[in-house]
Every structure is written in C-alpha cells, then in structure tokens.
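In the two complexes below, chain A is the common chain; its partner is chain B in one and chain C in the other.
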Partner chain A sequence: MLAYIARRIVYVVPIIISVALVCFLLVHITPGDPLVAVLPADASQELAAQLRAAYGFDRPLPVQFGLWLLRALHGDLGNSIATGRPVLAEVMRAVGNTVTLAIAAAIIGFTMGILLGLIAGYFRETWIDKLATSFAIAGVSVPHYWLGMLLVIIFSVELNWLPAVGAGPGGSGAWAWDWAHLKYLVLPAITTSVIPMGIVTRTVRALTGDILSQDFVEALRAKGLHERGVFRHVIKNAAPTALAVMGLQLGYMLGGSILIETVFSWPGSGFLLNSAIFQRDLPLLQGTILVLALFFVFLNLLVDIAQAAIDPRIKRG
Partner chain B sequence: MLIKTTPTRAALIALLALGTAAAWPRVAGAETVLRIGMTAADIPRTLGQPDQGFEGNRFTGLTMYDGLTGWDLSSADKASVVIPGLATEWKVDDADKTKWIFKLRPGVTFHDGSPFNADAVVWNVEKVLKQDAPQFDASQVGVTASRMPTLASAKKIDDMTVELTTKEPDSFLPINLTNLFMASPAKWQAFYDKAEGADAKAKSQAAWTAFAKDASGTGPWKMASFTPRERLELVKNASYWDKARVPKVDKMVLLPMPEPNARTAALLSGQVDWVEAPAPDALPELKQRGFKLYANEQPHVWPWQFSRVEGSPWNDIRVRKAANLCVDREGLRDGLLAGLMVPATGTFEPGHPWRGKPTFEIKYDKAAAQKLMQEAGFGPNKRLAVKIQTSASGSGQMQPLPMNEYLQQALAECYFDVQLDVIEWNTLFTNWRRGAKDPTANGSNATNVTYAAMDPFFALVRFLQSSMAPPVSNNWGFINNPKFDELVKKARQTFDPAARDAALAELHAASVDDAAFLYVAHDVGPRAMSPKVTGVVQPKSWFIDFSPVSIAQ
Partner chain C sequence: MSELPLSAMNEAALQAAPATKARGYWATVGRRILRDKVSMACALVLLLIFLSALLAPWLGLEDPYKGSMIRRLRHIATPGYPLGTDELGRDMLARLIYGGRLSLVIGILPVILAFGIGTSLGIIAGYVGGRLNTAIMRTVDVFYAFPSVLLAIAISGALGAGILNSIVALTIVFVPQITRVAESVTTGVRNMDFVEAARASGAGPFTIMRVHILGNVLGAIFVYATSLISVSMILAAGLSFLGLGTKPPEPEWGLMLNTLRTAIYVNPWVAALPGAMIFAVSICFNLLSDGLRSAMDIRN
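Up next is the complex of A and B:
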C-alpha cells in the first residue's frame, strides 16, 4: 500500500508543474493589457511603461514564469494588481468560504443522491424508480443559476425566510456556526447540491441495479442471507465507483461556481475568479487557478488512495 | 372615575416610568444604518486612490477623503461644478503660468487626529509622482497620474500654503485635482515604522496594505471595519470640517453585489436599503412595491468615435451629420432602454457651462439625413458600408449589443450598411489606445467605447487634440483639425474660470458642429431604494453625496 501511495505522489509532481505552466500561459495569451486594472486607457505612454516595469511585465515570458514559479514554490503567489493585497491570503480566504459551501452542498447532495439512487436501484422500473430518476434528471438539467434565482425569489423576496445574498450578517470574517449565519448558507448550498445529487443518484442507481443482477447476489440470497446482509454487499461493491464519482463532484464543488457564488454574492473562489477575470488581475487569476487545480489534483490523489484501501485489486493494478 | 393609587401600584408605576426613561435614550439614540449594494465585485481600494473608475471614487474616495477641490453635489438640476475642498482658494502665478498657489483650509484634521497642512499635500502629491519618495506607490499611480496629466510637483510655501507646478500652462488643474485624495501621512508613517520588509520598498508596500485596512482621510465618513470583497463599514465623522455635510446616518455599510438580479433581490428582501443599477426588468415591480427610483443625466457619453484616417467614409462631414440625424434617440430611450438614458446632442447638454452654442442641431430628422447622404453620393442603390468595433459588455457600455443593433437598423434607412465587430471589453479598451490605423482595429472605421465627461481633458481634449492621437492618448480616429488644436490651447491657457469655461464651450460647440462623434446617449445612473431612505439628491454627476441621506428605523 505504501509503495502504491508513493508511486501516486510521484505522479503528482509533473502534473503540478504542467498545471502551473498551463495556467500561466492561458492567462498570458488572452488579449488585452495586463495592467488594465490600474492603468486607464488614457494613461500616457511614459506612465504605462513605468508601471509595466514596476510590475515586471516588461520581462520576457519565460523569465516571468520562472520568477513566478520560484516564488510560488516558496508560498508567495505575489500581490493582486487591482488591490495590492497578497494573492495567497485572498485565495485561501475565498477557498475557505467555498469549502464551507461545498461541504454543506456535499452533505445535502450526496445524502440525497445515495438515498435516491439506492431506492431507484432497488425498485427498478417501478414508479418509485421513475420518480427518483426524474429528480436526478431535473438536478442535472436545471441551470443552477436559474434555480438559485428562483429560490431567492421564493424564499427571500416573497416569503422573507432566508437572506438573498452574502455570507453572514457581518460577512464571512465573522462567521459562526449558528442559525443567524447558517441561514445564509441554505440557498446557495441547495443550489450547489442539485447537480451532484443528480449525478450521484444516477450512478448509485445504475450500480445498484447492476450489482443486484449479478450471480453472487443470487448466490447470497440462495444461501439464505437476509436482505440487510445482501444490502451490505451491494453497498460495499458499489462504494469504490460511487466514491470516485463523489470525489470528482466534491472536486468540482471545491473549485467553486462562478455563477452560483455571483448570484448569492458568496465570497468564495468562484466569486474571486469572476472578479479577477473582469478586472484582468493576472496574479490573482493565476494564483486562484493554480490553487484550485492543486486542490483537484490532491483530491484525486486522496480518492485514488481511498479506493485502493477499499478495493485491494486497484493497488495491485 | 378616579384611579386609586396604592403603594404597590405606585411602586410599579415608578418602576415602569424608570424603565421607560432608561429605554428612551436608547430608542432616541438608536444607531441608524444605511446598507448599499454596489455594482462592483470588490470593495474599491480604500487607501486613498480608489480603483474601479468613478464608482470607486464615489464609495471609497469622496466618502473617506477630500481633495483640494471637490464637486458641488447639492443640486439635481444644475450641472455639478468644481468647488473648494481642502483648499479655500487658488490662483495661477501671473509671471509663470505653470505655478499655482493653493491656500489650505485651516483647522482640518485627519481621522487619526493629525493635522492637515502643506506637508500633507506635498506628501500626497509625491505618493504618486516622486518615485524615490518612501510613500511612492506604483499601484496608485495609474489611476491618479492619468487624471492630472500635467501636474509635476508640489512645494510647501508655509504651513497653510502650497505651490503646485505643472509641466505646461494648464487651466484644468483645479478640476483635475478633484481626483487626488488626501491620505494621512502620520497614519501611514506609523504603519511604515512598524512594517516588516526586506527593504524600504517592501516596507512601504506593507504600510500601504495596512493603511488600506485602517484608513485615515479627512472625509465625512471614517472607516470602521473592512472585509475585503465582502463589506466596508463606514461611520460618520461627527467632527467633519464642513458642518453642513456631517452625515445624518450613523453608519453606512457598502456591499459588493456585481449581479443585478442579486442586488435587486437583496433590496426586495430588505437585506439592503439602496442598490446601484437595479436589474432593468425589475423596475416596474420595484415601483409597484413602493421602492423609490432615482436617475439623472450623468457626465457620460455613449458614442461612435469615427476614424478620420485617409480613406475613411467618415471624413465627409455630410456622412457624419447624416448618421447623427438618422438616429431616433427618443425611440431608443422609450423602447429598448425603458427610459434609462438621456438622448445625447453633444458631449454636454444645454445648461452645462461647457455646452456652448452649436449651430448643428442633433435630432432625429431622417429626411435631412437621407438628403445629406444623397449629396455625399449615396442612396438606395449605392449604400455605404461601415464597420464598428464594439463589445458585448463592459463598464459604462450600457447595453452595447442591442443598442448597436438599434443603430444598425436606424442607419440602414439612411443608406448605411453597418457591420458590427464584437470583441471582448478589455480588448476593445486596449485597442482604443492603439488607434484606427492599428491592425487591431480589424478594418473598423468607428469604435464604440463610452467615456466619462467629468473634466475637459477626458471629455474633449484627449479626443480632439491632434497630439493626442495614438499611442499618446484616445484620439482613436486621428482627428487632426487645426481649429480644435487652437481652441484646446486657448482653453488650457485661459486662467479666469469663467473665461476658461467659455473657451471650453467654444471647443465643444465646434466639435458638435463638426459632428466629431455619433452622439447617442448619456447614462442616467439608476438607483433604487427603500421608502425608508430620504434626503437623497441625485446630481448630474458620477458621484452622490451620502451626507444628507437619512433612514427611518
């Protein structure tokens, strides 16, 4: 197992370097002036040249990349051009808020998804299956920003039960785990959870149906194993694939959703990315993309290790 | 019937009275809070020179800081003009017109208690102009130096007098100085002394970062708390030097909400009391639910800026005039934009001191436009193809695509075939500086970048003066009209404010008579607010004074 983990960690190194290179290049090849956030279009040429030198944008791209990578390895992602604040602190604060949202959404989405998937799988081709599948299809089909707006209209504007925007009465900096704060999380978490809920439902349904039709289940039942025992076997066999899907979904959610976080003014990584894109704040954009990509890479690593721990065949492969 | 008072009853009444009395001051003195949803995705920079254009100045510039000069924001009807701020008077040197003497307002202190004086002015000029000054901050230079392009240096004459020098004689300086906000040198120095950093530059940067979180200016609002990207809380500065502008509410909370529907929902659900630019579709509903709507003409122009390079079809003044006469601006206002624009008949509208008396009247007159086009050699069988570069969105661009499609249809009736070249906003903005001759123009012979018209340089000079052609500034179309150059020179070198305004009016009238742009619309800065909010005056400006605003609890 240790050798497997070591091998997987070694694989991660070139992935990280490639991710860093790709996100640096993607950000730099987009058209427009990188100093647009601090340099109005009417600024003089002299001023533009002065600022370009001050921010290091007058250097060749490979040099800029090398310096950025070197600093990044030391945990310094530079300062935001627009705000002057350190990028790492900005990203980590935003990621913290996205993690809060992602975990809340995962709890809702995965619980509902597993439950609906198992029910649908067990009662295949019945009206229960059709109902659960309809939920799943609706979850993956409904545009989540539209659902977010709809929930806001119903629960904030019309019923006035829940707040429409924000991350707590005093902002995320004063976050506390009480109802006064948690109520700000309800609508964005439900909106974020619908896609993973749909995907997990469909996955678990398919897995359950597939496993239930296998010979070993027949054999278990023939041997007189009670249904709870059969159910345990079904779950154990479905777990690795379901876990992989949930890991990917959690990865997507940890990446933040620009649309959902903007609709709810939730100060997470999606909201930060949106702001960085519109302000064309290259260091912030690069730093955010890098951190999110690394999250994804490490989350995949953890899922791979967890899968190997559950299913010994994987580490042998 | 008499009510008999027993000792127990008397004691209860006394207790109740005491309780009421104790509660009364709390009710009477309950904190009043005004919560505003901004269109910005982040709190504009708080360290003195805000980013995010004039929305930045509106919320974190003019609230916490003052300039030597300021804007009169007290009227919704009159044009907003420059008035004394931290300087009480100013005068150009008669012998050397590059030198200005500014007398400073006595008795003003920064929020940290340190005095405002000539040293503070010199320090603030040098924070953006003197590269070897400890407080020099490159990140504040772009948004400041470009707005006062001729300011060169500052020198203390005495504690309450300062001399400012310009690179060339420039009568626009007092207007430009509305963009230079005075931050507290004492507060910054305290942060600098405590800052850690490898060198002076790193310490300076750390000091500015700390200053941004605990800012100190002289403005009517003081920073109370700041959560980046989420909220800025300002409290009233009860000892503000202009007693008439001490804020009426105790606290103002600024919340970034870039999504129009989210802002509108926040207002409808009572989470905020005021939103900037509500979703246009929601205006009838807001009105129906009793929310107040405000809008007023802003110093903003939504134009087509013509290419005047050799071979451009816009070199013929008949074609330029025809385009201006062929657009039904009232139809655009009442239809597509639901009333949220003012038809543009120039950069400035009647009543503005820089309007002048143009002889070419910009209005909708399709027959006159068709006639002009026929005189220029075009007609139903010989249409004129023009190509316009625009964006799908962008700051100040209003609704660029539907508006351009409206123009496309309108101009088709005057024998124009308009082709739209839609590109990303930042790219369009960057191309603006490259000009019509650059390959990035992609064959376009007009560009559609909206502009602010707060001061003469931004409103007129950078587009009309021939020396402002790319790459120097925004004369995108390479306008080269000796009359404009002469009038720009005259305006810049006329130092009596009334005579300067007259010269600017002459320049503006000349530009309208020349149909220098296709003038289409002025934005109106719509806002919606709760009926509890009173005392709002929305001036003809990008800015608004929050001081007279009250809110019922």
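Up next is the complex of A and C:
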C-alpha cells in the first residue's frame, strides 16, 4: 500500500510542473502587453521599461518560468495588478467560499445521485427507472447558469423566499453557519448539485445493474440471503468506482463554479477569476487557475489512494 | 519500392472487404435507431431548430436587430410579439430563431474540429506506440489536470473575448478527451489478426491506419463525440454568458441570457427563454447520443 502511494505521488510531480507551465504560458498567449492594466496611457518609454523589469517581463521566457516556479513554491504568486495585494491570499480567501459551496452541493448531489441510481438500477426497465434516468439526463443537459436564473425567478422574484445574490446579509465576507447565511447558500448549492446528481445517478445505476446480473448475486440469493444482504454486497462492489466518480465531480465543482458564482455573485474563486479576466489582471488570473488546478490534481490523487485502500484489486502497477 | 504495385493491389482488395461489411452493420444501426421513439423525437426537434435557424431570413420574422424604446420587455403572448420583446425592444421570437445560427455553430464546430484532430492524434498514438505514444498521451494527461470548464474559461479569458477565440478554447478542451478515447480503441484493435494480415500483405502504416484501423474505431469515437456536443453547447453559450464569446448586438442564446439577466425583476419568463433553447438542444443531443450508443451496441 505504501509503495503504491509513493508511486502515485512520484507520478504527480511531472503533472504539477506541466500544470504550472500551462498556467505560466496562459499569460504569454495573451495578446497585447500585460502591463496595459497598470500603465497610464501617456506613460513614457522609460517608465514602461522600468515596470517591465520590475515584473521581470524583460527576461527570456524559460528564465521567467524558472523564477516564477521558484517563487510559487515559496507561496509567492505575485501581487494582483488591480489591487496590489498578494495573489495567494486573495485566492485562498475566495477558495474557502467555493469549498463551502462545493461541499453543500456535493452533499445534495451525491445523496440524491446514489439513491436515484440504486433505485433505478434495482428496478431496471420499470417506470421508476425511466423516471430516475430522465431526471439524471435532465441534470447533465441543463445549462446550470440558466437553472440558477430559473431558481432565482421562482424563489426570489416570484415567491420572495430566498435571497437572489450574495453570500450573507449586509454583503459581509465572513461566513457563518446560521440560517441568516445558510439561506444564501440554498439556491447556488442546488444549482451546483444537478450535474453531479445526474452523473452519479447514471454511474450508480449502471454499476448496480451490472453487479445484480453477475453470478455471485444469484449464488447469494440461492443460498437464501435476504434482499437487504444482497444490497449490501451491491453497495460494497459499487463503492470504489462510485467513489472515484464522486471525487472527480467534487473537483469539477471546485474548478467549474465560475458560471454559477457569477449568476449568484457568490464571492468564490470563480467570481475572482471572472473579475481577473475582465480587469486583465494577469497575475491574479494565473494564480487562481494554478491554485484551482492544483486542488484538482490533489483531489484526484486522494481519490486514487482512497480507491486503492477500499479495493484490494487496485494495487497494481 | 519493387513491391509497390502489389501493395496497391492489396490495398484495393482490402479496401473493398471492410466496406461491404460496414454497410451491413450501419444499415442495422440505422434500422434500430429509426425504431427508437425517443431518438426520433429528439432528431425531429433538432431538425426543426436547425431548419428554422437556417431559413430564418425567409420566415417573415421581425428584424432581430431593430429595437424600439417604446416596446421594451413586452410579455409573452403580446399581440404581434408572440414571445415578447427583450430589454431593447427587439422581437424575442426572431432573436431566438436567428440566435440558433451562431449558437449552434459555436457549440458544434469545436466538437467537429476536435473530432478530426483528436481522432488523428489518437490513432497515430495508438498505432505507432512507443515514444510517440508517450509524448502524445502525457501531453493529453496535462490537460486532464484541469476541470474542463476552468480550462475553457482560462484559455478564452487569456485569448480575450470573441467568437473565434471561444471556438479555439473549446476545441482545445475537447481534443484531449477525444484523443484519449481514440487511442484506447486503437490500442484494442492494433494487434488483431486483420491488421496483422494487412501488414503481412505489405500495406504501409499509413494505409493500415487509414483503411483498417479508422474503419473499425470511427464508430466508437463518433458516438463519444456526439455525447460531447451537449457539453459544448452549454459551455459555448456559457462563455458568451460571461461576456467571453459573442459580442452584442449579435443574437446568440448565451449572450441574450446575459443581457436579459437584469430584466428578471421586470419580465422574468421572457428573460429565461434563451436558456430553454440551449436546454432543448443540449438534452436532445444527449438523448440522441444515448440512442445511437445503444443502437450500435451489438450485444443487446
């Protein structure tokens, strides 16, 4: 087991370096001068050159990458061009809000997905299965930003039950686990949960169907095991794959929340990314994407290790 | 070299063989999908949306660009404006139908481009193997380290707003996914007897890939690519929704959803219409792709 974990960790190192390279290069495929955002329109050539040297833009690209990577390893992702504050601090504060949203959505989406998937897989080809499957397909096909708008129209505009935007009363940044704050979380969390709900339903349904049609289930039933016991075996066999899918979905929720955060003005990493793009704040853009991608890589690593811990068949090369 | 005419002859002979077999297979698939009611209903809906977008100028609609300050945000079923008007007083029905033109192109084109590029890369990686495979597949792995929504937004955010940039960004998102599928099916086929036979009878690697591998893996890759169209439609409209794709006053569903967002307190149901179009196209492609997959599955 330890050897497997060590091998997986070693395998992640080149991925991390390549991810950093992609994030670094993103800034350099950008058309135009990255200094445009800070430089006054009538700046002299000398001032421009001075600033370029200060940000290190005058060095050759590989040198810039090396220096950037070295600083990033020390937790220094530079300063935001728009606010002048350190990028890492800004990103981590926003990521906290995104994690809150993703966990709330995961609880809703995974619970619903597992239940619907088990029921659909168990009652395959009945109307219950058809209903659950349609629900799942609608979940993965709906443009989630539109679903967010619909929920706002129904629950905020028409019924006036829940707030439409923001993450707390009075626009304060501090999050607290009380109803005053939680009611801001309800609509974005439901909106975020539909895609994982759909995908987990489809996965669990397929797994349940496959497992139930295997010989060992017949043997269990033949030896007189009650249905609840059979179900326990199904869950045990489906768990590793379902877990992997859910881990990946959690990663997608963390990294793909930008559209939903924009609809609900949820002050998370997606919202930060959005403002970085439109203020052409390249260090912030670079830093946010790097942090989110690294989260995703580590989550994948954790899922692989957890999967190997549950499923003894996986410890192969 | 000296065996050139022989290999050319073989090529002709071998080309003929899978072609006749393929016709039988595809005819079966076609028959099965024609019997599938859900798939046919979806195909009909998509056909309607496609045709109306294509024929929009001849349908006698209002000018989708012409606004009027005195008839802004009319409700659905207003006489003369069956689906109301938008925040600048433009006819919603006309804008939704015209909007299909750009929305469908920016949603589907990236998948078509990625299908071409990804299939070629995957087949080459899978057939040639060795170092080339390692180089291609490790590069693909790097893109898998990004959630696809994040990657699409990061690339189009860095490139800047614009239709072309959003198509490029989405193509980059889908190429790795299709490459991975193409490589995996090619690896499954490359050591089969008929490939060995083709190689033994003197066919070059290019011929083998083009004739023998491609014909046997294309179906699986195609089904996978159709399942991506739904995601691509949602993402393409999403980029426009963020302001990274289409620019006003162009009618496009994602952008319309964005500009109408401010109107949800005045006329919420008109504001929600463009999203319903994206949803309809996306769910129809998803169901059609599912139908195609089960029609092509010989086992059942």
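Note that the second predicted complex is superposed on the first by the 300 of 317 C-alpha atoms of A that agree within 3 Å, B and C clash if a C-alpha of one lies under 4 Å from a C-alpha of the other, contacts with A are read in each partner's own complex, and residues count from 1 in each chain.
The definition used in the following text is that a contact is a pair of C-beta atoms (placed from the backbone, for glycine too) under 8 Å apart; a residue touches a chain by one contact, two chains touch by 3 or more.
The shown structure was predicted, so the numbers you read here are calculated from the model rather than taken from an experiment.
Aligning the two structures on chain A places chain B and chain C in a clash.
In the superposition on chain A, A:251 contacts chain C only, with no contact to chain B. Judged by the touch definition given at the top, the superposed model places A:19 against chain C, while chain B stays out of reach.
In the superposed model, A:90 lies in contact with chain B only, and not with chain C. Within the superposed three-chain model, A:167 lies in touch with chain B and out of touch with chain C [touch as defined at top]. Touch criterion met: A:79 reaches chain B, while chain C stays clear of it.
Once chain A of one complex is fitted onto chain A of the other, the partner contacts of A:273 are limited to chain C, with no touch recorded for chain B. When the two structures are aligned on the shared chain, A:264 is found in touch with chain B, with no touch to chain C. Overlap of the chain B and chain C interfaces on chain A comprises residues 31, 149, 152-153, 157, 262-263, 274, 278. Those residues of chain B whose C-beta lies close enough to touch chain A in the complex are 37, 41-42, 45, 47, 51-52, 131, 137-139, 141-143, 145-147, 149, 205, 208-209, 212, 227-231, 255-259, 261-262, 265-266, 268-271, 424, 426-427, 429-430, 432-433, 449, 458, 462, 471-474.
By the touch rule above, chain A contacts chain C in their complex via residues 14-15, 18-19, 22-23, 26-27, 29-31, 137-138, 140-147, 149-150, 152-153, 157-158, 251-252, 254-256, 258-259, 262-263, 273-274, 276-278, 285, 289, 292-293, 296-297, 300. By the touch criterion stated above, chain A contacts chain B in their complex at residues 31-33, 35-45, 47, 50-51, 54-55, 79, 81-86, 90, 93-94, 149, 152-153, 156-157, 160, 163-167, 170-173, 262-265, 267, 271-272, 274-275, 278-280. Put simply, chain C touches chain A in their complex at residues 138, 141-143, 145-150, 153-155, 157-160, 230, 234, 237-238, 241-244, 257, 261, 264-265, 268-269, 271-272, 274-276, 278-279, 282-283, 286-287, 290.
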